[in-house]
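Here subunit A shows up in two complexes: once beside subunit B, once beside subunit C.
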Partner chain A sequence: MLTLYRPGTSWFYRAPAGPKAFALLLVVLGVSLLPSTYSCAALAGGVTVLAYLVSGVGLVELGRQVVGVRWIIVITLAFQVLFVPMEPAIANTARVTAAIVIAALLVLTTRVADLLDALERGLRPFIRFGLDPARIALVLAVAITTVPVLTRLAVGVREAQRARGVRAGLVSFVIPFLVVSLKHADELGDALTARGVN
Partner chain B sequence: MSDHTTTPAKQTGATSASGAAATSAGTGAAGTAAAAGNATSAASAGSASSTTSPASARPTGQSRLRIDATDIARIAVFAAIMAVLGLPAGIAVGSVPITAQTLGVMLAGAILGAWRGALSMVVFLVLVAIGLPLLAGGHGGIGVFVGPSAGYLFGWIIGAFVVGAIVHAAGRKLTWLRTSIGVVIGGIVVVYAVGIPVQAAVTRLPLGQTAVQSLIFIPGDLIKAVIAVAITMTLVRAYPRAFRSRSRA
Partner chain C sequence: MTAPIILNNVSVRLGESLALDDVSLRLDQQRIAVIGSNGSGKSTFARLLGGLVPPTTGSLSVHGVDPVTQSKELRRLVGVVFSNPDAQIIMPTVAEDAAFSLRGEKLPKAESAERVRIALEEFGLTDLADRAAHDLSGGQKQLLALCGAVIRRPQLMIADEPTAYLDARNSRLIANHLLAPNDRRLVLVTHDLTLAERCDVAVLFENGRLTGVGDPAEIAARYEASLQC
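Right, the complex of A and B next:
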């Protein structure tokens, strides 16, 4: 499946996922708490550029990320301008954009499998509260492998309907799609039970 | 599919999933026939308004946090259903692509019930957080959880829970009225009640003005609520097994 990960070789890619996530969280938190002034907007922008340079991801990718969230920028800015003066409007939009774009560094530089492992490890202290990290990791892994399966089922439902001349509509698609998906869920449950999951 | 089957811990899950997928593909024709048989027998067994299934009557709220293999499968599959509902090519009404993911929130609660519905939302959002671009429009990653719409995403979890709690309040017998109330309160009111304050905090706009801004989406959500109720009440007759707490009880 396609993920947001972009292959690379810098030190930031090789850094362990847990500490990397924690460090990025601190930076995002710091940026989010900046006051709504022009100087702080410039600071947020500077931190973002610095983060992409230091991590070795580069400014080209930064540009791509900003383009990716252009609608969030436009909508946020439009309503800010409508309701508050220019300085906080621009500063707020810059701060929100910076936080989103800096946070994106985590999934840009870390494989899904590594993040899953880090999550499972991070949840271990919560075993005493009744959480079962292995079971959670199993649910997540099953869900990831199920997405392409259901995509195929959805295409199948669509093609069967088209062959019969059924007009495309939300309800007429979702009901048969849910039936085959939930049937797949029951078969999956049996398969898990047969393999010793209870 | 290559980058998430590398660790031994996940190998078992991945293998069983693809095994089941193979089974499902192999018996596709037979499975559809069985589902159709189910539907006709259910339709002939009871009148449309009182669809009751014989086995596994269980008061809701009892042993609700025991997650067995059937629950794991349903939670995982519904997280994947959310993903498919977010695909642009998945569903387009006419030529206008509409995001059906809020529809998925309502359906998760209405079909799976409160706890499993909420857990399927958690699973879906974790997949989004670790870098799968599953949100409508191909968005994903931690970034969406610090952006203006973060609260709505967290609202999906509580929303699906509330939908399930209201819809399944009187056991497995679903009524049009309770399903409608549950879908509107859980799927719309709760989601906005969580989403608007978070959006106001992130963008530092006053609460009232943020609420005005989000009103744009209310008509679309009301349409989705109507659709969710229609789908749920049809599914009760088309595939009653989906609403059973234990498929093999």
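Right, the complex of A and C next:
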């Protein structure tokens, strides 16, 4: 499930997207650079709880976000345990989880349109180097919305194959999936043009 | 007076096939139905008017604008709704997707928000404003697509089989929105002859050729007669 904007009215929601993104980036960086000790793992957890409380998003949403990344937690911890002692393994997993969940605050409290506007503004100095900020923002928006569509297309391809008795296999799946994905890309291109995107 | 839709000897070649073959017509009615079998050229006709495909030969004018040389002007005049609701969602949430259509207009934030509010209300999407657009039902997604087109206040709405993916209830809902009395011109590509008969004029295509223009009931009857095996 992708993190999506949750309506709210706290000061953090009203804060402009650019400075908010910068502030969260600093917090995420701070958490990421903590030493790999139990006390720092606890500190990362504390900062995360504090961030959700101060922002007004609340601990229920924090719980939802942690559940949402449960497989990342499991996989990160499993690999860490294989290669490093228990203390750094747990601390690293805690830092990664805290970084992801704190970063999610940005999307939870900011409409994508405002994020894109902030991104466009932030990238404006790079126009002189040939960068097109509006296009980059649009690509990001389309990428965010295309994930659930591709998932649905993949399920559709698999179901159609199962209905015809086709055995699961990488090649037999990838080719029809590519075909329907390209068709979707074509249709999406038309929709973008129709809505005024050149 | 010049007709709003004029085609002069227009042909469209897509790859090896001739999708439209030497079509000439003038249309000034408000609600125009486009009917014909699969592959007859009706979607190409709609895409041509919407500036999504250029003519290979011939010329056309849509509300006084040449879609080939004046594509920016055309975008301001025309809204397009396609059959597949999933392929028309650009932004993650319902309100953001509706607002996306206004990004090019550089409106003040308050005005943009007000237009989004009004449009969502018109299409019964207000309560879904913050929902993930891709979690909506097919009918709701198509309403959102229509909302995204109407919010730009186009003079011409092109709907290419907008009810093709929908159940009877949602088809009726979408059709009622499209055919509701308003100032917009409508070009409705459809296989549903009852919808075609609610329009002011019908255009019939067969194998890329224009084979009839006139009273929707007569044209629909002629089309049905041609289907008898």
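Keep this in mind: the second predicted complex is superposed on the first by the 130 of 198 C-alpha atoms of A that agree within 3 Å, B and C clash if a C-alpha of one lies under 4 Å from a C-alpha of the other, contacts with A are read in each partner's own complex, and residues count from 1 in each chain.
The definition used in the following text is that contacts are C-beta pairs under 8 Å (C-beta built on N, C-alpha and C of every residue); 3 or more make two chains touch, one makes a residue touch a chain.
What you see is a predicted model, and the numbers here were worked out from it, not measured in a lab.
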Query = Touching A:S55, do we find subunit B (first), subunit C (second), both, or neither?
reply = neither
Ask   = Given the touch rule stated above, what does A:P7 touch, subunit B (first), subunit C (second), both, or neither?
value = second
Query = Which one hits more subunit A residues, subunit B or subunit C?
reply = B
Query = Is A:I72 in contact with subunit B, with subunit C, with both, or with neither (first, second, both, neither)?
reply = first
Query = Is A:R195 contacted by the first partner subunit B, the second partner subunit C, both or neither?
reply = both
Task = Quick one: classify A:A99 as touching subunit B (first), subunit C (second), both or neither.
result = first
Ask   = First (subunit B), second (subunit C), both or neither: which does A:V149 touch?
value = both
Key: Contact residues of subunit A, present in both the subunit B and the subunit C interface   = 2, 4-5, 111-113, 141-142, 144-145, 148-149, 184, 187-188, 190-193, 195, 197-198
Inquiry  = Considering only the defined contacts, which subunit C positions touch subunit A in the complex?
reply    = 47, 50-52, 71-72, 75-76, 78-80, 82, 84, 86-93, 95-96, 99-101, 103-104, 130, 132-135, 145, 148-149, 152
Residues of subunit A that touch subunit B when the two form their complex = 1-5, 21, 24, 28, 32, 36, 68-69, 72, 75-76, 79-80, 82-84, 88, 92, 96, 99-101, 103-104, 106-108, 110-113, 115-117, 119-120, 134-135, 137-151, 154, 156, 168-171, 173-175, 177-193, 195, 197-198
Inquiry  = Under the definition above, what is the set of subunit B residues touching subunit A in their complex?
reply    = 1, 3-7, 9-10, 12-14, 16-21, 23-24, 28, 31-32, 35, 67-81, 83-85, 87, 90-94, 98, 100, 103, 107, 111, 119, 123-124, 126-127, 130-134, 139-149, 202-206, 209, 213, 227, 230-231, 234-235, 238-239, 241-242, 247-248
Ask   = What does subunit A use to touch subunit C in their complex?
value = 2, 4-7, 111-113, 141-142, 144-145, 148-149, 152, 184, 187-188, 190-198
